[in-house]
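Provided herewith is a single structure, encoded as structure tokens, for subsequent inquiry.
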Amino acid sequence: MSTINPINNPEDNPRVKVVFDEIRQLRGTDYINNLWRYLAMDADLLENVWTDVRDLMATETLLDFKTKEMVYLAVSIANACQYCVHSHTAAAKARGMTDPEHAEFLRIVMTAGKTNHLLNAMQVPVDNIFDAEQVL
Amino acid sequence: MSTINPINNPEDNPRVKVVFDEIRQLRGTDYINNLWRYLAMDADLLENVWTDVRDLMATETLLDFKTKEMVYLAVSIANACQYCVHSHTAAAKARGMTDPEHAEFLRIVMTAGKTNHLLNAMQVPVDNIFDAEQVL
Amino acid sequence: MSTINPINNPEDNPRVKVVFDEIRQLRGTDYINNLWRYLAMDADLLENVWTDVRDLMATETLLDFKTKEMVYLAVSIANACQYCVHSHTAAAKARGMTDPEHAEFLRIVMTAGKTNHLLNAMQVPVDNIFDAEQVL
Amino acid sequence: MSTINPINNPEDNPRVKVVFDEIRQLRGTDYINNLWRYLAMDADLLENVWTDVRDLMATETLLDFKTKEMVYLAVSIANACQYCVHSHTAAAKARGMTDPEHAEFLRIVMTAGKTNHLLNAMQVPVDNIFDAEQVL
Amino acid sequence: MSTINPINNPEDNPRVKVVFDEIRQLRGTDYINNLWRYLAMDADLLENVWTDVRDLMATETLLDFKTKEMVYLAVSIANACQYCVHSHTAAAKARGMTDPEHAEFLRIVMTAGKTNHLLNAMQVPVDNIFDAEQVL
Amino acid sequence: MSTINPINNPEDNPRVKVVFDEIRQLRGTDYINNLWRYLAMDADLLENVWTDVRDLMATETLLDFKTKEMVYLAVSIANACQYCVHSHTAAAKARGMTDPEHAEFLRIVMTAGKTNHLLNAMQVPVDNIFDAEQVL
């Protein structure tokens, strides 16, 4: 059940086909996951999202792929995005996150959730030493 | 301005002193930041939070310190915890996050925020291949 | 699966019947959706919520109905409320939101999610020109 | 106090100057607000965010400018992004949102916040009629 | 700094005066806090919010006042609403929450934040025994 | 569907068996709910979470059990944690929350959601009288 109707034969639209071909090639699989299949209803939207994700998450950058997926996943958990949690957990594992690392990752996320709530409750003033200009 | 009154001479309480001594030793600085100073009003609470944070963030574990701080920071940003964002940005830098890595980190966090909102809006069904039992 | 037990024959309670009759009349349909059917377990709660929603979303006010539903939906997405996202997407469409407008709406929501995360991470000071008293 | 150090003379970087010139031209003012000034520390990041915002919020699209700003603002409020709330309230007013419309907008946002919490608490099943494929 | 301009002499409007008089009487103080002073710019909005808050938080109902304020505060913390955290911490104390109870309250809130993040990450299936119809 | 694979025969691990035995004893039932069964994949994580929850929610402390569960539930609702909302609604009922109290609890949660959004939108300054040091 979704709020978007997936369209039939999305690759009849050549712009969609270009994106789907890139996804298949970069991932080495024929499977196109639901996010992209549903986004295909609007080529502008599909290209905009795919470009952002591809250039960052499917391209060599400064941070390694596993770290990038764990950061992405951490945000998705805090935002309670079910689809994102599932897809980026799978991606982090595909990028090498082991089960013990996953358990430790969960510990970090839950400890952050713990202190985030504590600090939002206490409203203590931010120390001056944390100011970017002081950290220099 | 806070919702908690910091107490005077917190280290008169020996349990508080033990925690503060550990913080000073592990960080190699005399500075005790506000979170711990305000938590000192309740030794149980202080010890509970410090133990969780120390064993995970100030101890050698599977993931390296920089990665751990970036994951912690990612959650804190998504939860809009001002204090946590400031303190864990400073910690990530202290653990070696460079300015270009910080910029890339911001790109991951904002792209996750982008797709989290998109997926929460589209409510597309989670692909079966993301199920942990399928990923095996 | 819910945390509330829907009651049998809710309209045996005349206060519930009044609300359900208004819903049916204002929407031109016999269908009462689950929110109201489950809320019927407590007439005070039902009337309180229905009054707020009716006077704002089912009544002519300053903003047009389509805009109001899109604003309501935007909040619901950011709060990850599944039921609300489904019901207010349907309502926005019923009030005239076309598929291309829906796609553009998604672009706004996801771009806001993107910059919200970026700004919560950067913690840049708010410009004085944004102060309400300055904008005059 | 921020987590990013704004750089001196950002427009010495020609890529930054291009973006700043576009901002000044599109808004008809010499003022560059803090978001862009701080983002100038990384030209890639600056261009990525500016392109998304410009093509959507500073360009004629399907939805009118005032509606777009109100949707953007609604998301920002739900995400507790202080900077975004201030900047997009000012933008919505600049795009024509009157004080009575602002008051009504607040009513929509707070009523959505109310029912979002109620539904997240009740966990009632989503009605089949809200499924996109049923709405057709 | 706010997004709303407080008006001068709000009690020149008799509808505002009625609300302010009720606030002063129910709280036994002449002080009107900023929420109500800023809301005075729109009498409809002021009355709508005040009625909801008065009938629930300033009236004898089933739950005692201290418990009600702690529940209200818990939600406000999770939503990162600074103003609400400050005002409802003060209210909970005014309703009898002692410092040791406050410390324990913080422990509940932070532990909930911890497990909320853990469960949103693990996405484990909800046990059937938690279904309202089973709990009967 | 989950992101964690539950292991077979978790109680073959004696550390897991200790936790499960405590859960069964403290709750007076043989049923181990999914949170603990899935956490059994990592004994450190299981013990860490169980210790926090047991010492606070399954132990006599200052606040009564029903109040503690309502505060825990309030946070879980605001965080949109489905599993937590289901499990802690059931726990609050098991600790004595009646149906009319549940309805009133929902009213508090939704009213907090309402004013949280309103205040996050208005960004009114926090009154000095709410400062902890002033409240003394």
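Order of writing sets the chain letters: A, B, C, D, E and F. Residues in each chain are counted from 1.
To be clear about the criterion, a residue touches a chain if its C-beta (ideal position, glycine included) is under 8 Å from a C-beta of that chain, and two chains touch if they have at least 3 such contacts.
If you're wondering where the values come from, they're calculated on a predicted model, not measured in any experiment.
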{"item": "Joint neighbours of chain D and chain A, given as chain labels", "value": "B, C, E, F"}
{"item": "Selected pair, out of B-C, A-C or C-E, that shares over half of its residue contact pairs with A-D", "value": "C-E"}
{"item": "Furthest chain, CA centroid comparison against chain F", "value": "D"}
{"item": "Longest centre-to-centre distance from chain E, chain (CA-based)", "value": "A"}
{"item": "Geometric centre distance via CA averages, chain F-chain E, whole Å", "value": "20"}
{"item": "Separation of chain B from chain E, taking each centre as the mean of its C-alpha atoms, in whole Å", "value": "27"}
{"item": "Residues within chain E bordering two or more other chains", "value": "1-4, 48-49, 52, 75, 77-82, 85-86, 89-90, 100, 106-107, 109-118, 120-123, 126, 130-132"}
{"item": "Chain A - residues contacting chain D, complex", "value": "1-5, 48, 52, 126, 128, 130-133, 136"}
{"item": "Chain B residues touching chain A - in the complex, by the definition given at the top", "value": "1-4, 31, 33-35, 37-39, 49, 52-53, 56-57, 61-63, 67-68, 70-72, 74-84, 86-90, 93, 100-101, 104-105, 107-109, 111-127, 129-132, 135"}
{"item": "Residues of chain D defined as touching chain E within the complex", "value": "80, 85-86, 89-90, 99-100, 102-103, 106-107, 110, 117"}
{"item": "Residues of chain C that touch chain F when the two form their complex", "value": "1, 3-4, 41-42, 44-45, 48-49, 75, 79-81"}
{"item": "Of all residues in chain E, those that touch chain A in their complex", "value": "73, 77-78, 80, 82, 85-86, 89, 106, 109-118, 120-123"}
